[in-house]
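Look for subunit A in each of the two complexes below; its partner is subunit B in the first and subunit C in the second.
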Partner chain A sequence: MKPSTFGPAEAFHLLKRVQFGVHPAEVDLAVREGLDNTLERLLSQQPESAEFQSTDQALRTTALATGNIQDLKIWWLVRMLTSANPLREKLALGWHNHFATSHAKVQSVPFMLAQNELFRTHAWGEFPALLHAVARDPAMLIWLDGNANRKRHPNENFAREVMELFTLGIGHYSEHDIQEAARAFSGWHLRDKAFWFNATQHDATPKTIFGHTGNYIGSEVLDLCLAQPACAQFLAGRLLRTFVTDRPTQSQLATTSQLITQHRYHIAPVLRTIFRDEEFFAAPQRQAMIKSPLDYVLGLLRPLGEQIHWRRVTTVLANLGQDLFEPPSVKGWEGGRHWIQSTSLILRWNFATEFLTSQQIAKVNTEAFSSLSEVADAELWCLGGTPEPQVHAALQQEWQNTTSADSSHATIQRLQFLVALPEYQLM
Partner chain B sequence: MTDCQTTRREFLRWTGSATALSVGGLLPQVWSRCQAAEPGDSINDRILVVVQLAGGNDGLNTLVPIDNDDYYKARPGIAIGKGSALKLNDRLGLHPSLTGLREFWDAGRLAIVEGVGYPQPDRSHFRSMDIWHSAQPQEPSPQTGWIGRSLDISQSRQNDRREAACIGMEKQPLACIGNVALPPTIQRLEDFRLKQTPGQSQGLNSPRWSAAVPKPETVDASDLAFLRRASQTTLSAARQLERLVDQQTSSQYPTSEFARKLRLISQMIAADLPTRIYYVSLDGFDTHSQQLPGHATLLRELSEGLTAFLSDLEEQGHTQRVLVTTFSEFGRRVAENGSLGTDHGSASVLFNVVPPGRGGLYGAPPSLSDLEDGDPKFTTDFRRVYATLLDHWLQLPATEILSGTYAPLDFVA
Partner chain C sequence: MRQRMGWRCLIWCGVCLATTAIHAEESLTKVVPAGAIVSAEITDAAATISRLKTSEALRQATSSPVYRTWANSSNGRKFRGGRALLEGQLGMNLWDAAERLIGQQVLVAVYPPSAGNQPDGVLVIRFETMETAALIREKLSPWIEISDGAIQADERDGSWLVQSADNKAFGALREQWLVISNRESLRTAVLDRVSKTVTESLADSPAWKHQTALANTTSESRLQVIWDSAPVRPLLGAESEARLLPAKLDNPLASLLLGGLIEVAAKAPEMQGALTIHESGFVASVLAPVGKAEIDPAHQTLLATAPSTSDLITPVPRQLASIVLCRDWADWYRQREALLESPVLPEFDKFETGLSNLLPGKDFCEDVLTLLNAPITLVAAEQTYPHLDGRPGMQLPAFAVVVDLTNADRGADLFQLFFQTLGTIVNIEAGKSGRQPWVMHSAAYQDIPITYAKYLDRPQGEDLPVVFNFQPASALVGQKYVAATSLELCHDLIDVLQRPASGGNEPTTKNFAMTVDPVVAMRLLQANKALLAARSIQEGKTSEQADNELSILFEALQALQPLLLTTDVTGQHVELRLQGGWK
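Showing the complex of A and B:
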């Protein structure tokens, strides 16, 4: 059922989840358009501006020319912040996290870029097409040792992660299934920078997987995985943890998994249904996710930052534990509470202090936040709504102590207080 | 410990307030060692350093069964030769990189536990790591770890203010998460400094900040409560560490990241912080291919790091107070794979460096001919090691923390 109202609070909640950071003007636009039109815009390809296209092309060319992964990070960050298709970028990150591949081992900017384009192309498309494409993707073949998987020496690395991390999750396959699947993927190699089926290294003898026996090749193993009931449930967990809550309930998993089955793994209608449901806007889903470093950092830059020094930003993100193209392991970023420990909190606080007070990271423009002079607006924008009475009282006191003739100065002081509150780490 | 009690009384007289007990960061140095201890109890002075070898350390090439033909048959390309292993007895030798551990062995300080594992071994890094961290193999998605639950108990006692710290970890290890306890995670000291606008009282320095961040109820498990605890812990640790000075030591630390982390632990011990459990990780043990050179480097980092660290502590006079224990999420298959590496296995060996006297062999060596799915069967439940560390070293109730009774081993008196 659709939510009964779609005002600024609801629009802000939706936009925080589907893009990186929110500008107040975007909330106004969404409220004017209404929920359905907003979702239609977010889930269909919008034309990019000429300025975006030329910047994008220049940054991509630079990254390919230098072969430096830091340049590719900047290319993606600029897309995240300025693309007219922000949900596509958030999904691309979701798939990068799902099929977590690291440049640390792949050591190729062109391969990392090509894989990233796969995630973007298939962002809200059909998951099976994405899975099949990823299995033949050069970066993945290097990352999970596909190249080392030979007839007489099967390497289980890719077969294991396909089941454990890409489709089914622990508990829905046996060690034997993995060993058999590894043989089916033998000979899936890389030649001339492209996928190559190396028939001489492929083990063509019969394999038994999930109780079915056949002379399976890799792509048939992928289809066997997709046909397992656990797959839709596993994917439901991924979508819910990317967009809805850090801790999905059994009932949320069941509902979403049904949706995925019903739409045959087509992601766009699944997301549209999730975002149109009043459940998504209900209290348990508000402030139910801990901001990732990208949500936190771009969340400050999007409404407030101009002339951004991207090198500084990539360093901060790496220190905060979300280094694009270099996830910590094949499991990706675990998210939720795993983002938070003492050092990362200090780094988050320090980033905000430096950004707001030094002009070293970007030029700060507080124009969009003139309404922060009202405690209620500040609470909506930064804390997700009215906090407990004690916190509210402390904010009122802080506001009284930070009045200033220079309104921009007061706004910055107040932002410093808001971003240092635990509530600000939630979205 | 009468000294402590005297100091405590003097301190209370000096401040005139018992509430000062809760503001760890503001206590004078002379007080802080006592701060962690229960009166009349010398046990709580002890420090435990947990070293995680992440990725699955190949136990068979670490503690080499030099008289075992099955070992040499299974590993024609990567076995450590009998001649190059650092011989401990007729049956066993250490990997040649472990010269420092060999010296600890000679000094009666190396307690080796063989055949450590758990029933129905899981070969997923993540799952097996969760099992070791939580010590709750039956729990499908554990939320707390053995150290975290230990802290919950010790910190709920009236006079026990022992704390823990995770050094150099990129994320909070599950082992250190309690229902309430959430020890600070310090990646590098230089990143642990709060940036402040001089002379101003904004953000965290605002007098309104602590009013806006109330202390959560013990039973509150919400994300907001978690974030409030984390924020409070972090601020208090940051203020403690502001006083930490980069002191000189004659002990030469190697240049590795691992040694850098151990050096920070040594500085924290020297500063007499109430931290009693340190958690640190050495990563990269997932040796699927061409493992000989990489594994040798990692073990050298381990051995050289520990040697520098423990000789530093010896110089500071802390040898009797410190126990270092290592673990890895699993060992590796007995047989090498086709890429001169080894795949995920199960039961393996772990090391403890203890105060002199209780070094030796503990647990029992698993058979290399009677295998389960290509792996040795475990002989010694890992929770027996934890029980030893909890009951005998830290004197915390292992049965309660581990939800079961596991017989301690004898490497702690």
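Showing the complex of A and C:
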């Protein structure tokens, strides 16, 4: 059921979840367009500006030319912040986390870029197509030791992760299923920088997986996984944790997995339904997720940053625990409460203070926040709505203390106060 | 020590501020007293000012987006306002004012202090006509009237004299002369010489006569600076024997490149600098009348020269830059303790220990450096990538080193060992990171055997990784061993080395020579434009801003002629010379 109203608060809530940071002008646009049109825009490919295209091309070429992963990180960060298709970028990050692959082992910028483009191409498309493409992706073949999987010595790495992390989750397969699936993936190798089916190293004997027996090859194993009821539920959990809540309920999981099955793993209609649902906008879902470092850092830079020094930003993100293209393990980033620890919270404050008070990270433009003269506006733009009474009182006090003839200076003082609030760590 | 440092700074400032007028026969040194530590004079600056005023480069600079942005900024508006006020006061634009005021002859001289610690200084300007002096007096008089005694004026012996009430500044206008000094006695001394009542002058000092004779000054000279250490040394008191510059450096590379010149400067009783500006170029030189034999043996190793012109390699096609460095390599290494500060010496021991893994039982100095004659040539050239079907995303120049061997067979084997070992190490690293390995090949080019690395598969595609800029190759051409990062450059160097030297086999005095071709540099930068733009974007600029800045840089480089920096060493003097030009 659609929400009864779609005002600034609702638009702000939606945009915070589907992109990295929100500019007040984007909220105005969404309110003018209405929920359906906004979703249509977000879930369809929008033309990119000439400035974006030239910047993107220059940064992409540089990353390939230098082979330096830092350059690729900057390329993606600039896309996240400036693309006309922010949801596609957020989904690309979601799939990067789902199929977590690290440059630390792959050691190839072209492969990491190609995999990233794969996530972007299939961002809101059909999950089975993405899964099949990832299984043949050179970066993934290196990451999970494809070339080591030979018929006489099957390597179980990829087969295990396909079931545990990519499709089913723990408890929905047996060790025997993994062993048999590994045999099906034997001979899925990398040659001359591309997927190669090495027939001489493929075990063509019958395998029994999930109780079915046949001369399965790898792609058939993927189809068997996709046919398991647990797969839709597993994917539902991933989508809900990315866009809706850090702790999805059984009811939410059941509803979303039903949607996924109904739409045959086509992600766009599933997301459209989730974002049109009244429950998505319900009070318990607002400010219910802990901001990832990317949401936090880009959330400040999007409305306030100009002339951004991107190398500093990549360093900050790595220190905060979200180093793009270098997730900590095959499980990706845990997210949720793991984002906030005693040291990382201090690092977040330090970043915000440095950003707002120096020109070291970016030039601060407070123009978009001229309306921060009102406490209510500040609560909306920075906290998503009216906070707890004691926080509201503290804000009012701070607003009285920071009245200044220099509105820009006052805005920065107030923003410093706002971003230091625990509530600002939520979205 | 602090006082001495202050002195050095003041002297250096004096050199940098140099401006004055002179022809050999009409030098303004004839109107200032002898004993100057530094004197600097400019002749006929009007021609240069006029050329600059109407130059295409200035037009391009002032019409560039960067300048327009600055001109519309707060600082730009202040500048324009200040300039308008000044021009209104002078009654002419600043270009014309500069031509009239400093366009003929200008001289600055710095003397030891007659009192206190501040050196004495004098500025002398000779205008083209007396009307300029009259104009200055006319413009200044009202300001003196309203200065409430802070500046006093007086008419005496045909001179209009002004001085500050605190006796810190003294000026004079007489006929077409302007004199400004911080000492009244110095102003008087200049006026006495202007009126010919005194004839002894700086032009009669030995340093001046010596230097002008050595420098072969012509009427084209625009700026001439003389440094005379004789007046300084007594000021150092007990430290009179102390060196003005250190004998040992704490950076081996700086010592290797500059150690010889620094020692020459320390030993030189006087030095001369000259800057000549032509219609399409300039020549700047610094000359010290110190012969190689006057320097200690350790520093002499840094003042070696190329034996003959045939050792100076002629340019290869698409050459970006070249450096010829002449040193007595083995002696330099043996005498490093006399040239370098002790804290850096352990680094040599570490280096030798590391090298022993490659050359067990050999000594770097006695077994390697003794194989080298004085000149080592480094060459950088643009690549056309014949070994690729495509281009690397980052296009680097190819580099090569050419060493002149005392024993060709022995030297070639030794350097070939380095070359092959390096290739093996790189191949192991390539395997670790999934890159293409090299296969070592042999081939003949112009009947010269070449060893070169070939990629297992011919690389294809645009925006190839940076590593494909490299295809190492080596060859022995006569007595010269060539090691290049590209086979193409190795071929080009073989062509050049086999060609008879155009200058014959004449002895040379070249100790160092460096050339840079700005147009080739521009082509290389253009080939990497996307990368350069990306670096700017990563630092917060928009792609449009980055493109505009790069366009200005490309235009500037396109307008320049090759730059040449040389050092010549003879039995009588050492000269450092920089030559450049524009189109």
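Operating definition for what follows: the second predicted complex is superposed on the first by the 427 of 427 C-alpha atoms of A that agree within 3 Å, B and C clash if a C-alpha of one lies under 4 Å from a C-alpha of the other, contacts with A are read in each partner's own complex, and residues count from 1 in each chain.
Heads up, the rule we're going with is that a residue touches a chain if its C-beta (ideal position, glycine included) is under 8 Å from a C-beta of that chain, and two chains touch if they have at least 3 such contacts.
Remember, predicted model here, so these are calculated numbers, not experimental data.
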Joint occupancy of subunit A by subunit B and subunit C, clash or fit: fit
Cα-centre angle that subunit B and subunit C span when viewed from subunit A, reported as a multiple of 10 degrees: 90
First (subunit B), second (subunit C), both or neither touched by A:421: first
Partner chain in contact with A:310 - subunit B first, subunit C second, else both or neither: second
First (subunit B), second (subunit C), both or neither touched by A:57: second
Contacts of A:319 with subunit B and subunit C, given as first, second, both or neither: first
First (subunit B), second (subunit C), both or neither touched by A:363: second
Partner chain in contact with A:201 - subunit B first, subunit C second, else both or neither: neither
More subunit A residues in contact - subunit B or subunit C: B
Which superposed partner A:170 touches (first subunit B, second subunit C, both, neither): first
Lowest C-alpha to C-alpha distance for subunit C against subunit B (Å): 14
Subunit B-touching residues of subunit A, taken from the complex the two chains share: 145, 148, 150, 152-157, 160, 164, 170-171, 175, 246, 287-288, 290, 319, 321, 328-329, 331, 334, 337-347, 349-350, 352-354, 357, 388, 390-391, 393-395, 397-398, 401, 413, 416-417, 419-423, 425-426
Residues of subunit B defined as touching subunit A within the complex: 122-127, 140, 166, 169-172, 184-188, 191-197, 202-204, 206, 208-209, 211-214, 223-224, 226-228, 230-231, 233-234, 237-238, 288-289, 337-339, 343, 373
Partner subunit A, residues of subunit C touching it in the complex: 392-394, 433-434, 457, 463, 465-467, 530-531, 533-535, 537-544, 546-547
Sites on subunit A touched by subunit C in the complex: 51, 54-55, 57-59, 61-62, 64-67, 71, 74, 78, 107-108, 110, 142, 192, 306-311, 362-363
